[in-house]
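Chain lettering (A, B and C) follows the sequence in which the chains are written, and residue indices restart at 1 in each chain.
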């Protein structure tokens, strides 16, 4: 077999693999969408579940996920951005910044169930928040913190040093330089990190299993110490337990469709943002 | 006006500047020439303490501006940088409007109100010979300007905060010949109000613009004298060799 | 005004500095909480808390190991001589049985006579071993001896091959089935994902046209963003029945299902990191190879892959990390059998799935609870190891002069 035939075969093979992976994704999405799209209706999205999860909608779960997203981002985003600013603009190049980077990477690789354990031990038990919105939000916030830090750091790194130099040479302080020049320039990429975090938080189950999630709540949460329902947890219980799994299947499909829709929207937003700002940069 | 005494500067172990002593008079243009990498830019950055931003550096000796030691602990760095403006080799306008670029220094130093700022912006752009070209598009992005225009914008930006000294690090080396001559005209007119130090690779430029010239080689200030004398009758053989193009 | 500004700036910068320490503080807290709770297990008694084992005072057996207790109450050990006592048949007695021997009124209004009655039962049966709540145990009665129970042993935990945390009187907390289950599922996941991921990475990095890349890269990003529970759901409704039918198994919830789903989930990580590494091969190297007459394919496997090897290794390591830590997807498709795995076609349980499935049932502070935290410590430790390995590989990459 000569070189050329070898190459043709190999390349064909790899092309197949590429299509295989794309195919897998399409299979998963298509299957869930196909089975679940008929369940989606305004009613489904705006009413509460009834009859043992075999009919009704998923409205409380949507609300719960929304609250969790708001709570966790409110916690993780400011702190994450500030931490990234510290590492990128203040910490210099010595062992401190290396140590922080290692710690952030370690935090990023911790499995979500360990966050769930920790969240339960610290927020639910020791701080006695109980199973609550605040416990769940804080736990999810910790989970997504490394993501915010990483994307913000990358965004800050991408700003050329000449901008900072020019600003300082005009007599501006470091803080003025950061707030007037660096942050505005880095904003689009920081925003990307925010959107990715929203997607992440919406879909996580393990951290909320023991910190906030409830199977069924008769009314919507009224304080941060209440439990909530949440979309990923809802999918899990409806699909694996409950009184009549078969009858609840449509609800499960519907929930899955909503979850996928959230991820899709977030992904599209990120891509739009990226191409919009690359275009803006190029036109200058 | 500006005086250095026995300045030694180190990047880590590398001895970048060796025993530099010289004086710059007020309202004069001093040119610094020499082969690449011999410390000219480092020397320039001493005067607004931009070298402070680099890790692992050390400086000994004194650097005085108007008799005051600018490296003294009590000396306010931000004030220093307001007083000593800098123009860089590659134009680096902010991704903001033309107006906001020039106004930036005024804003961060809390200099004046809206009216004052608008007035200063116009004055600086006029001094930088850019006003006529941009007066109708002050709100447009500075990045849409040509290279030469951007550099003049950076000069306007530096002038706006009324420094007494302007340090220019090869300000025209990244520009085309027409822009270069415009910049040179500009420097010539700025001499009346400012004390200017300029690093350049272009010896013709040094000859044209400066009153005094310093020749740097390997971190040493080999010769420092009146420009006319340096180019017609240099004292040191290295200066002679560099000027006549034997190396560098 | 300037003074005020300076103070505000100093304050803000102080806040930045504290924020910088945030991730380190969090890791510290996680370690403290997890390890404190988890290692408390080895300080706990080996029989269910709140309960005690009583024997007749004349019985010369002083204490029993966890295994022995289990075997006794499972009727695997039937004679006292097998555990160091005299030659007599063991008579097991569980607390509920007292209600068959006496009527309710004989216990008194508040069950205050219950311990006395229990004591009588024990006194009358010299070969008895009674499993009683501490509250009603006849302590202090002449003919009753309370067996001292050992604390849970480290070797029992890390080396035990049975995980039955709800067993009474002594819960069996051996993690081997879980560890092996995790290893089995993750290993095969990587076995499936590595060649596929590497192949796609090669395709993306070297062969794909710009248009194909534009389609594939967002696709892979999308794959990476799908929540674990959705993968689990897909696995449950599609993969599990498929496996059941194809391999003619009684149930489709198997380690195989877990491996396949994990492989799909680990793919994006492997693909992106490996592709990055390959793209970073200097074009000078590629050009040198081609100009020597090598075909593109030869260049790939002779030059690019060896050069990018550390990046590819990092990709594999990170993929393993992803697979080992996955909870929901695995929980939903591998079945519920916390037993020693013997083949891919059986149900297994992984460590994260165990924690997720059982933490809700474990009373806070009890031995089951502590054991689950210890499992969390093990998981934390494994992923820490993986993270450090990936860092070291990355450092090696840089030293190589990339």
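By definition in this document, a residue touches a chain if its C-beta (ideal position, glycine included) is under 8 Å from a C-beta of that chain, and two chains touch if they have at least 3 such contacts.
What you see is a predicted model, and the numbers here were worked out from it, not measured in a lab.
Undergrad: For which chain is the distance between its Cα centroid and the global protein Cα centroid smallest?
TA: That would be A.
Undergrad: Select the chain at the greatest separation from subunit A, using centres from the mean of Cα atoms.
TA: Here the answer is chain B, farthest from subunit A.
Undergrad: Find the geometric centre of each of subunit A and subunit B from their Cα atoms only, then give the gap between the two centres in Å, rounded to an integer.
TA: The computed centroid separation for subunit A versus subunit B comes out at 48 Å.
Undergrad: Distance between subunit A and subunit C based on Cα centroids, please, to the nearest Å.
TA: Roughly 24 Å, centre to centre.
Undergrad: Rounded to the nearest whole Å, what is the centre-to-centre distance of subunit B and subunit C, using the mean of the C-alpha atoms as each centre?
TA: About 64 Å separates the centre of subunit B from that of subunit C.
Undergrad: Please set out, as single numbers or ranges, the residues of subunit A touching at least two other chains.
TA: 173
Undergrad: So which stretches of subunit B touch two or more other chains?
TA: none
Undergrad: Taking the complex as given, what residues does subunit C use to touch subunit A?
TA: 9, 12-13, 15-17, 19-24, 26-27, 29-30, 33-34, 37, 196, 199-200, 202-204, 207-208, 212, 215-216, 218-223, 225-234, 236-238, 264, 267, 271, 295-298, 318, 321, 324-328, 332, 352, 355-356, 359-360, 364, 372-373, 376, 379-380, 383-384, 386-388, 390-391
Undergrad: Report the residues of subunit A in contact with subunit C in the complex, numbered from low to high.
TA: 3-4, 6-7, 10-11, 13-15, 17-18, 20-22, 24-25, 28, 31-32, 79, 82-83, 85-87, 89-91, 99-100, 102-114, 116-118, 120-122, 125-126, 142, 145-146, 149, 173-175, 196, 199-200, 202-206, 209-210, 232-233, 235-236, 239-240, 249, 252, 256, 259-260, 263-264, 266-267, 271
Undergrad: Could you please specify the touching residues of subunit B with respect to subunit A in the complex?
TA: So the residues of subunit B touching subunit A come out as 48, 50, 53, 55, 78-82, 85-86, 88, 90, 92-95, 104-105, 107-109, 141, 143-144, 154, 157-158, 161.
Undergrad: For subunit A, which residues are in contact with subunit B within the complex?
TA: Listed in rising order, the residues are 92-93, 160, 162-163, 165-173, 176, 180-181, 185, 284.
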